[in-house]
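Here's the structure we're looking at; comments come further down.
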Amino acid sequence: MHLDDRLFSDKKLYLPLLAAVLLLPWVPMGLAGPYVLRVATLTLVYMVLALGLNVVPGFTGLLDLGYVGFFGLGAYTAGLLTVHYQWSIWLVLPLAVMNGVFWGVLRGAPTLRLGDDYFAIVTFGFSELIILVIRNELWLTRGPMGVPGIARPDFCGAVLDQPWQAYYLILFFLLLVLWVVVRIRSSRLGRAWFAIREDEIAAECVGVNVANYKIIAFALSAAIGALAGAFYARWFRFVHPDMFKFWESILILCLIVFGGMGSISGALLGAFILIPLTEVLRIVLPDSLSNARYLLFGLLIVCMMRWRPAGLLPVEKE
Amino acid sequence: MLTAIFEQSSLFLQQLVNGITLGSIYALIAVGYTMVYGVIQLINFAHGEIYMLGAFLGFSLLSGFFGFGLPFGLAVAVSVVVCALAGVLLDIVAYRPLRRAPRLAALITAIGMSIFLQNLALLIWGGQIQSFPQHTIPPFLGEPALLLGDVVVSWLQVVILTTAIFLMLALHLIVHYSRIGRAMRAIAQDKTAASLMGVDVDRVVSYTFALGSGLGGAAGILVGLYYNAVYPTMGYFAGIKAFAAAVLGGIGSIPGAILGGGILGLAEVFGGGYISSSYSNGIAYAVMILVILVKPTGLFGRQQRDKA
Amino acid sequence: MPLLKLKNIHYYYGNIHALKGVDLEVYAGEIRTLIGANGAGKSTTLMAISAILQPQQGEILYHGTSLAGRAPDEIVKAGLCQVPEGRRIFPGLTIQENLEMGAYCRRVKAAIVADLEMVYELFPVLGERRRQAGGTLSGGEQQMLAIGRALMSQPQLLLLDEPSLGLAPLMVEKIFSIIERIAGEGITILLVEQNAHAALNLADYGYVMETGRIILEAPAADLLKDERVKEAYLGE
Amino acid sequence: MAGRKTGELLLKAHKVVKTFGGLTAVKEVSLEVRAGEIVGLIGPNGAGKTTFFNCLNAIAGPTSGEIMFAGHSLVSQVSPATRLLVFRLGALFALLSLLWLPLALGVVWPETFFRLEAVLALSGLAFFRIYLLKPLSHFRAWSRLLLLIFVLADGLWAVVWLWRSPDFAEVGFFSLFPFYPLLVPGALLILIAAPFFLLMFNLPRVREAFGQHLRADVITALGVGRTFQNIRLFSSLSALDNVKLGRHCRTRANFFGIVLALPGARKEERDSAEKAAECLRFVGLGKQLESRAGSLPYGDQRRLEIARALATEPELLLLDEPAAGMNPTESAGLINLIRRISQAGIAVLIIEHDMKVVMNLADRIYVLDHGELIASGTPAEVRSNPLVIEAYLGAQHAAAQA
Amino acid sequence: MKRLLRLIGVIFFLTSFVAVSASFAETIKIAVASPFTGPLASFGEGVKNGALLKAEEINSNGGINGKKIEIILGDELCDPKEAAAVATRFASDPEVAIVVGHLCSSATLAALPIYKEAGLPAITPASTNPEIGKSSPYYFRNVYKDDFQGDFLANYAEKVRKFKKIAIFYEVNDYAMGLKEAFVRQAKNIGLRVIGAESYMAETTDFKAQLTKFKMMRPDAIFIPGYAPQATLLISQARSLGMKCAFFGADGLDDEIMLKNPDADGLFVTTPFLVDRGGAMVKEFVARYRNKFSIEPNWFAANTYDAVGLAAAAIAAVGNDREKIRAYLAGISSPEKAFKGITGATYFDVNGDCLKAAFVKLIKNGQWVSAEEQLQ
């Protein structure tokens, strides 16, 4: 098992990259204007999401079509707590993550025995239900009115109101998630997930409690999704059910399919290429074709599966 | 008191009529899912988009969107045939190269195709809800066929129901009494053994796609007429609900799909009518999830023996 | 000229070298048998002949012409039909439909009906239950159905893969007598078996296979006396 | 290797039956393995040998019969009829939950009543109850009482629900005053009990005590390792990682230990790498630690599978046709390997077709045919048993031999 | 790997290039954000046309202080996420003086913090959510709020039409729900009975179940706060169920597609803009609009036309400076200082919301005509 991705095994590669990412807000000549910084921040959010989703389909081999549900859950938990109680992000964030874990486990527990297709459908239905509740329960979520006026993230009592501060904050979360995922991946936990992905029965016969490890995977994945959501709400300062459509699940899936399912650097790379690409396409394509972006993503998925099913950075070296 | 009872019962009857109509539409779409799943164990996510395509083709041919209009019957026939061909094309382009790939790959491809087709329709026809021009639809369809106190059954509902029944019967005959139908069932049970008997599996799969997609296209036109609304995302929701219907009945089983469609249609209408209308999609999802969790093989589904 | 000739067939399942150069010949009118232990590659050989698996190397000649690149259905049309291991009948189809599936490649209705009657005559058990689902039959009856189904394609060469698998001894004898009868009607047979003695008693010529190779070939009568065969089966 | 005395009874299967649908694949097979022994299990193809293995380690537990391993019962003692009854009760329990959950919520949270329930009841807490069904369906008699309480509570909710149903808006909630004191405790009971059961049924000891089926991973942890007829390696992982996975049930590091890189977890990881490498060297794959399992030659894959099973520190090793597809040199190596395993104090139960291997290795042999045990004894006894000869070579040959 | 790095480099480069490629032409940029594609494109169309028409008019009159106006369009599909991205793009382009836009309230609310942060003033021609004005001093609104329209409709239904029993069929979105709340509140005040309220989602096409329920309640009229595409289906389905009651809605139903539906005859709606009620200015606008785009102007076009006019007036008065423009707009705070446009006089309250008249129009023989009795 070559669990270390190339990205992490080659210092020549990742050190310059890390430096570039760290220095991005300070690149001269207006390059790092608010717009680029916003796109960069969004990219980092999607990197976190891609890493989180990757845990389930990438590591345990179960297709999750409802990841946006946890993203939305995290965003709404954080958004509502902030609006009602004006709590600090450092208090809200763990609560959002815990809520994500709770629903992740709840969703996971009964789906343990389901095969891949059915699991995918249940995850889809579950996330649609979450979004439906968010949309319809006005007393709780204000439904389609959205939740405006969410406070910005803060740190030690100071409000982080500069774009670069939000950028570094999500960068910090990304590195945190990356640390967790990389650690887990090369541990007995990660191995157990890979075993489940490859052969559930054999995994059981070497002593892996398949149910428990699947649940841990669901919980971790949901936690990361909720974390991204919580940051997103505080950064965006507005949440609305339309922000968590099914399409978002597909987009996140697209990121990891593009980068290579199960590959951590692949997930990062997928987000790194595709999210800025959506912005580039928005500008490059004429207005009448702005929907063609989605069309291209659909096509991209099909072509990747056809010609490079393992993605750009496949996990295995032959 | 009496009038209240009368009102309640006619409310119930009207909902029943609505539910059965809706159910028969779901059943028509669900059959397409179930047939493809039965034969190649693939959830053809793009099936809903074929249904949408059927509706759009019917609309375009009738309204002269492509620059020419066709008479009603011909337009319907042409769009059903084109849908059938589109289904075959879908199989050849997207799924056939992945026959031996992991099922996850095929499933993701299906989702990709679904997104692609939906947005293609958006580019061609635009995102707005389109309506059939009044003059293109036979006028009697709008008239009530049956008036029972407050209960109205429109000719359109009658036509939908009879078409659905007719198509289902035709499908039953094809699947059970034709050579190709026998081959489909054989492939569904054992692909290798079927090819050892000289069945060209790819060809039969193409037939399956053609049949299922044709039915989906027919459902698309019927729905387009019924609601007089055609729009690119119609396939997404209808597709999911029809899939839920197929699962409910036991995916892979045609009578199951029909029964599942009926149950789901009724559940949705009664749920929407008596409980909460904004959750009517939710009811479909919830029914689907519960059925999968409690009985993963559905009502009529057979437990597939693991072939070691 | 042999009816069927395998020349140096190699097959890999991924990295596993399952067939390591198999050479084999079957002449018209004969019964030949291929025996060997589990996992020796017997079924793989048959699947390669039926074009379900495409060998990476080597050539399969039928009537002297290569079968390379042919699809499984074309093989059946050419008159090569297989009764697969574990019978693999269609459990949800009726017995009649199962048999009709065998005649899938044939177009002449009348001839198919005639053959159906022929099969029912050969296996009266099937005739009695022609409307019953195939899955309701017992193991032996299923085996008969599988053979009958293959006969419906009017094969010149019948490939039988372990027809005795999991059957009671009495039933095994019955199946073998049926195979003999089919051979008597001029159909060439290649029989793959673990039940070595029964197979060798029936066959004209035998091959012994071990780990993807033919290690021994001789007329069946000679093989029956061969110590190496005994050793392979009872470890004596 | 728990230092058992040679000859001590390790595995005892008593009248194990396994049916699939109407087909009986294993018929009342009884078998014993003692510590230090190598026992062979042979029989023609389709005789039910692998099915029997699957019964032993709960991949597909037996329909009836008893299996004891080192003092633990590996099989449910609940009869199928009881299980069915419990299951039906449980199904009722789950169904009724759909009725009472909205009400429970309506009590706690009146403004949400009848709006939240459709989603919450269906997707949320109802999941818990369905999840509970599975463990309950293996449960013993006294649990039925609990179930009954739940069902009664549900029934109460249902009655209230029906009574209230005409028009919620106008009747108003508190008109139901006499029921109110009953509703809340009922809801609380169920809400507390559900997580409690969830917890309880996940503790292996508790489950074992109630005679539930052990899961395959628990059986592995108890000391039964196995290999498969058609190799089941994790083919995209390296050889070393495959074997490290074998160490899984002997390691304890948890999520936090791993993420925080606690010293314990790190030491454990190092240890398991060492032990895994040792196992690989033991089977002769010391040089292929980093090769991808799927790219190893066939014979090496077989040995890797054995190494993986050895890494679980088994007391009993189940080998399913380890020599299949091996050439004579390779099988000779295998015989040697199995001998060494046996010398290390691990009992071996082996299914094999290659008679050279079995006859050479086994102390005792059991013969299965059509799911029935037709003979047992030393290799010499078995070889000359007419029933065995008939099963293998056909009736005529047996007659000729006789 | 190298190729991959190069690819990443190219993408990075492209992104940054596009970001800094702001031109330095001698124009004043007015950004217009709205859905121009997707399901709500027909509304966005009006916004676009109105803006272009006004810009053309100003430019042909010599521009503002000699500088031409340039309209830059941002398509946000009515999606909050897209809206935020579009808004950041506008905000980071220093040439953009003011934004006219965001049609859907959800998009407006998502973009709002970004404009506020960048100090960029914005005028929405169509978002009626009450939240908007309150949340930011930089946001102005050239349309009435939901609550005003809801109150108005309730009064109209009771006083002019003399309805007794109303059923409501509302879409689950911010616009429709705001309307519904306001309507119900006002109905309660004036003693109009609301006998039932049912909701539907934007993607709903089957309303029969709920309509059947209403049918049994025999309402005098059904109020449809929502948008035209669903409303037209809803009305047809109600008629096919044999319902005879009246239908009415708010400005969301003011759309050409209603005219194609013969069942919709008699439907009345509120609108901020009525062709035959206006003076010469309106007549001229309508004529030029028809001439240029060969379709009838809708109220989105009219409101946008005025919003761009307002923006241009502000720029003309104080120059191209965001802060000053905001101050100028905020200064239009009384009827005397009001901006006179085709939709009447516009002035803002402290929140940046405006008070506008609403009119009622109805469909007669497939044409919109203004109702004979208006409520003042």
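Letters A, B, C, D and E name the chains as they come in the text, with residue numbers starting at 1 for each one.
Everything below uses one rule, namely that a residue touches a chain if its C-beta (ideal position, glycine included) is under 8 Å from a C-beta of that chain, and two chains touch if they have at least 3 such contacts.
All figures in this text were calculated on a predicted structure; none of them were measured in a lab.
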Farthest chain relative to chain C (centres taken as mean CA coordinates): E
Pair joined by the larger number of C-beta contacts - A-B, B-C: A-B
Gap in Å, rounded to a whole number, between the CA centres of chain C and chain A: 54
Centre-to-centre distance between chain E and chain A (centres being mean Cα positions), rounded to whole Å: 34
Mean-CA-position distance for chain E and chain C (Å): 76
Centroid distance [mean C-alpha coordinates] between chain E and chain D, Å: 63
Per-residue overlap in chain C, given as positions that touch at least 2 other chains: none
Junction residues of chain B - those touching two or more other chains: 122, 127, 276, 278-279, 281-282, 286, 289, 293
Residue numbers of chain E (touch at least two other chains): 37-38, 172, 199, 201
Complex contacts: residues of chain C adjacent to chain B: 50, 52, 71-73, 75-77, 81-82, 84, 88-93, 97, 100-102, 104-105, 149-150, 153
Contact set on chain A toward chain E in their complex: 6, 13, 29-31, 33-36, 38-39, 42, 135-136, 138, 143-146, 148-149, 161, 236-238, 240, 242-243, 269, 272-273, 276-277, 279-280, 282-284, 287-288, 290-291, 312-313
Chain E residues within the chain B interface of the complex: 37-42, 172, 198-201, 203-206, 208-210, 212-213, 215-216, 229-230, 232-233, 236-237, 240-242, 257, 260-262
Residues of chain D touching chain A in the complex: 57, 59, 111-112, 115-116, 119-120, 122-124, 127-128, 130-131, 198, 202, 215-218, 220-221, 225-226, 228, 232-238, 240-241, 244-251, 253, 255, 258-259, 261, 265, 268-269, 272, 292, 295, 308-309, 311-312
Residues of chain A touching chain D in the complex: 1-3, 106-107, 109-110, 126, 129, 132-133, 136-137, 139, 179-180, 183-184, 187-189, 191-192, 194-195, 198-199, 201-210, 212, 216, 220, 315-316, 318
